[in-house]
Amino acid sequence: MQVSNSKMPVAILGATGTVGQRFVQLLSNHPWFKITTLTGSSRSQGKTYRMACDWRHSSPLPQAIQDLVIQPVTPNLDAKLVFSALPTGVAKKHEPELAKAGFVVCSNSSAFRKQEDVPLVIPEINADHFRLISSQKTAQDWKGFIVTSPNCTTTGIVMALKPLADKFGIEKVFAVSMQAISGAGYPGISALDISGNIFPYIPGEEEKIEEETRILLGTISQGKKHAHELSISSQANRVDVLEGHTASISIQLKKKSSLENVYEAYQDFQVDEDIKNLPSSPNNLFILHKTPGRPQPRIDRDAESGMAVSVGQIRPCSIFDLKMTTVIHNTIRGAAGGALLNAELLVSRKLIPSDE
Amino acid sequence: MQVSNSKMPVAILGATGTVGQRFVQLLSNHPWFKITTLTGSSRSQGKTYRMACDWRHSSPLPQAIQDLVIQPVTPNLDAKLVFSALPTGVAKKHEPELAKAGFVVCSNSSAFRKQEDVPLVIPEINADHFRLISSQKTAQDWKGFIVTSPNCTTTGIVMALKPLADKFGIEKVFAVSMQAISGAGYPGISALDISGNIFPYIPGEEEKIEEETRILLGTISQGKKHAHELSISSQANRVDVLEGHTASISIQLKKKSSLENVYEAYQDFQVDEDIKNLPSSPNNLFILHKTPGRPQPRIDRDAESGMAVSVGQIRPCSIFDLKMTTVIHNTIRGAAGGALLNAELLVSRKLIPSDE
Amino acid sequence: MQVSNSKMPVAILGATGTVGQRFVQLLSNHPWFKITTLTGSSRSQGKTYRMACDWRHSSPLPQAIQDLVIQPVTPNLDAKLVFSALPTGVAKKHEPELAKAGFVVCSNSSAFRKQEDVPLVIPEINADHFRLISSQKTAQDWKGFIVTSPNCTTTGIVMALKPLADKFGIEKVFAVSMQAISGAGYPGISALDISGNIFPYIPGEEEKIEEETRILLGTISQGKKHAHELSISSQANRVDVLEGHTASISIQLKKKSSLENVYEAYQDFQVDEDIKNLPSSPNNLFILHKTPGRPQPRIDRDAESGMAVSVGQIRPCSIFDLKMTTVIHNTIRGAAGGALLNAELLVSRKLIPSDE
Amino acid sequence: MQVSNSKMPVAILGATGTVGQRFVQLLSNHPWFKITTLTGSSRSQGKTYRMACDWRHSSPLPQAIQDLVIQPVTPNLDAKLVFSALPTGVAKKHEPELAKAGFVVCSNSSAFRKQEDVPLVIPEINADHFRLISSQKTAQDWKGFIVTSPNCTTTGIVMALKPLADKFGIEKVFAVSMQAISGAGYPGISALDISGNIFPYIPGEEEKIEEETRILLGTISQGKKHAHELSISSQANRVDVLEGHTASISIQLKKKSSLENVYEAYQDFQVDEDIKNLPSSPNNLFILHKTPGRPQPRIDRDAESGMAVSVGQIRPCSIFDLKMTTVIHNTIRGAAGGALLNAELLVSRKLIPSDE
């Protein structure tokens, strides 16, 4: 599907960081979008991207992008849509300014995820939350708008829960995460803290997992989000894994189910055709493993170019109904790839304001 | 306390492996015990310990032990007490033979942990289970007997639960473990499986955690074990940590408690004086951490020479009452050190049959 | 370039191991070759590849290959060309049998690398050594023949040395390798030996580096290899890196050179057009890094799909002339990819015997 | 040996960092010294050590030290001797001020290691360089003085070279280091840079190795250092090892030697009796390994409480005479322990100015 004759110009805010670099990588040969603007902190501004950024991917950087000069964030960005990898504090300031100025802001920041009129979306899970966009524009009197993608760990958990929530209902969830170091950004966590070690605390993470899960599985009505009523308790750990967040999850269903029916719930899960056809959409949303010992973050994070969730070790739980292990690629589906899929769906569903 | 004029001769079964080496290390300068015999597989028999064993500790090996020749396991071992680090299958065969022949077998194997008349003991937690010894000797018509120490992961979890079980009662426990590679023995887990990765499956581990926890917190009557009625669900993961098993635990108490009272439960926990005075007893059984981010396995596993459990991040759970993180040294308190403390208590309580 | 209407049938010997899996991965969508046969040890024979093999790549395995049944090695393989990832001892027996029976054997084993009439080839470095093929066939009276690709570490070192050898001559080389765990195969090295550690010994590796380097940079005349006269001393270390062998190298040139001219030597290095056009040929043979701190194995091993060598930190040496750091992907260019490139060149240069 | 009735009061400058914490650990129960003062950056000043410092050792911190309040560096420190773990820039300013004010400064900083009248000393190697102290005091007109201990990597290399230099003479040395992450301090190197990776560049390290080695093996005359004439070329790499620097070394001797005689050189190496009797002196200066695969940093760094150098894999080199592998504990012998041993020797040799 070619949406327009020419690619849509996009900006990446916070382009030099870990998530910013993922945005650049995923967008550098995108069929619909063309990177025209990269922003960075005052330390980087005025330098070319090549000079400002310690590029950490083996895929080479296109020359045109290497030569882009890092800009400050202003409402005069040469772009229609902006991908935000800004830190929360900065995002709080800039994202509304940009939305007001008419930009579509696809944000991976946590700044506005909980705001009642800002959609928090994983396309295959709750694309209908985009209905908040019109309420948002009205309420805020903005020409553009903000949509957000969830926390990396939440993304994997919610994707694994959704088919079960739909088919059986979910009452309670315990989730213990073992999260990759890339999730802490760069320089992020010191090697002295994590090498051969576990760091059992990630500030704010457990709250995000618990709140965002209930929003993503919840509903929209009257221009507001209504959180799902399930109870969720989480514990977040950092482990010495480069990329890929793993979670050990226990789930209490509303309606008892056999393991066979649980597998079926994943196999039968329907994704809208227009979402399946998006450029960054995985062929298989769920990679189901039926042998013990899988999924593993190093081996399974890249499944479907990092856009699938891997689910395995589904087995009975002696307190709740089910136990399972999930793996999600935290900087692709759990960050830049998630925000990109949102943007693609906005384009495909013609939710991007046209230029007048 | 000097129990006897001369040290008691002890054998270590399976002395060349990961746990066997820990036994050798902990016993090589022990005030009460003297290693007289080391056994190993047929591949090692007839070699000196130095030649048979790839010694992996920085503490040097005493010359007398280096020169011991590896023996097969027979009922003629030159020892009174034997420490068993045998694999389960081999333990099933040899441990009863030795008990029958009059040896006291302090086993770290899982072979007989669940047998109704074999005590499964952590001295500070359930030393009264040693009362099973007399029933065992009678029932089996053995001159000696077997006592067992629990699974490494279970040890840490039970030690952290016990003060809460005593003071508030425990109804339900979720435990997700992140276990060190040394727990898999040597060569154990391939670097290709665990480097920069998580291996989310350890055969039989979840069953051991769930069953042994209920036994250790349970009672003894009429010569049998009666499991505690709590429900426990566990998920076991292997992580790239050398030593030290970490667990993320959620606990539902019978009687609600403030966090303050939970801390008090640990501080007030009483250990019998004779246990406190054992040579391998820690000064502090619990290392309580009140700042986020602790305990961590690499930093905290060696607390109290590896004989304490570290407990931290005690905080409210949105489903149960409490969440916490625990760290235990898996090859010391969770294996060789645990079995050694059992042996010390048997000596101190004069439960070792005297030579007639 | 389409060499023939239909793809050439190939077998992979030792298909379930680390290098065998790489062969399967690289060949599963190859434009010229079609996997028809996979062999494995007696433990695997009779099973499908899916069942026999713990597939460790995120790229999914084509169904047709999953369903192939593992065969023993016999001279009746349904293939024209065989890729050998056999262990040395087994290779010594089977490779000559297959060559005798008319197969072209592209071997990654070390069994025949040093034999005087068996070419040891990196296409861009010494494709002319293929001239040994005719001598080999005559001398051995074989219908087929064996060609070999070098040791993984040697491959990276030789590729980095070649432009300097051509332009300035090389007299002496010191090379210290830091080699990835995948080089030890599976299960290979125990996590207990390498996690947070260095294992400073790899049996036979230093000899291979020293001998094969001199062969690869040497000449061919009268149907024999003549080793290059340079002196080379190496030390091989295993480090906790998944893939990618790094080397710290010092080089004494015959003719002094400026650093500028050294860079030029890499930039000016000519690869034959037919080699450049092979399907697995990298666009850039050398990835030159001019900033300190590169190359690094985790970031640079995948450059050019793992078929380039990365060279950086070129600087003066206080004893020899130059110091540098190199990185090579050990299981791609240094193993399966190297053997595959040899096979592609044999096809392209019509050195494969045609069916009569 | 009890040098005085009461312990000497000492200060630790830069006490909260990686090396500073080692100083605290090594000095917290020292028989001769008593920590009275801890200094830190302005961020830490005024806080207790417990609050200012993220204590990262499993050995508990004595209460008296926990309660010390972090001071700024001034010439009024309540101490006679100061251990400096200051960063180079800060050391350049403060160390001379303190020496001028009468303090004995045992510095681990690189600030004055190369200054011609400041001794750079490893007691067992070149204690005679302490003769520079009197020249220094005269030349600078200081009441106190500065002595320095070498770079961590240099320490291991020089200790391994010294017996060979004494017995056979050394002409040339190649050394490639694989250095632990603790050497970079805290937070030091990002996990994203080193996890599963090698970082092949450590600013200034190669220069330090090359210059300091020649100073330490050199001589003193006329109040100045005279560097040894050997040539040394080094390459420094950072690897994902917690503590313990490993080096692969090649050595050209002046006088050829059998391997047997090389071993003898280590065994026969004489350390002065007064040095051997220092509290922090190792029983064995050299831990010689004769089996391949040792020394390894994780297993061997703690030999002799981290104060020995481990040497192994001594074998012929095809260019020079010998190759070998060495391991040194970088934050003990290579930093805090080295400076402490210097201080102990100053006390023992009565080189500390007495209070008048």
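By written order: A, B, C and D. Residues from 1 in each chain.
What we mean here is this: a contact is a pair of C-beta atoms (placed from the backbone, for glycine too) under 8 Å apart; a residue touches a chain by one contact, two chains touch by 3 or more.
Just so it is clear, the structure is predicted and the values come from calculations on it, not from any experiment.
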Chain pair, A-D or B-D, that carries the greater number of C-beta contacts: A-D
Of all other chains, the one whose Cα centre sits farthest from subunit D: A
Intercentroid distance (Cα basis), subunit B paired with subunit A, Å: 43
Euclidean distance of C-alpha centroids - subunit A vs subunit D, Å: 48
Geometric centre distance via CA averages, subunit D-subunit B, whole Å: 40
Shared interface positions of subunit C, touching two or more other chains: 56, 193, 195-196, 240, 242, 298-299
Interfacial residue positions of subunit D with respect to subunit C in the complex: 172, 174, 176, 178, 195-201, 203, 210, 231-233, 235, 237, 239-242, 246, 248, 250, 292-299, 312-313, 317-320, 323, 325
Subunit B-touching residues of subunit C, taken from the complex the two chains share: 18, 56, 181-182, 184, 186-196, 240, 242
Interfacial residue positions of subunit A with respect to subunit C in the complex: 56-58, 60, 195-196, 242, 298-303
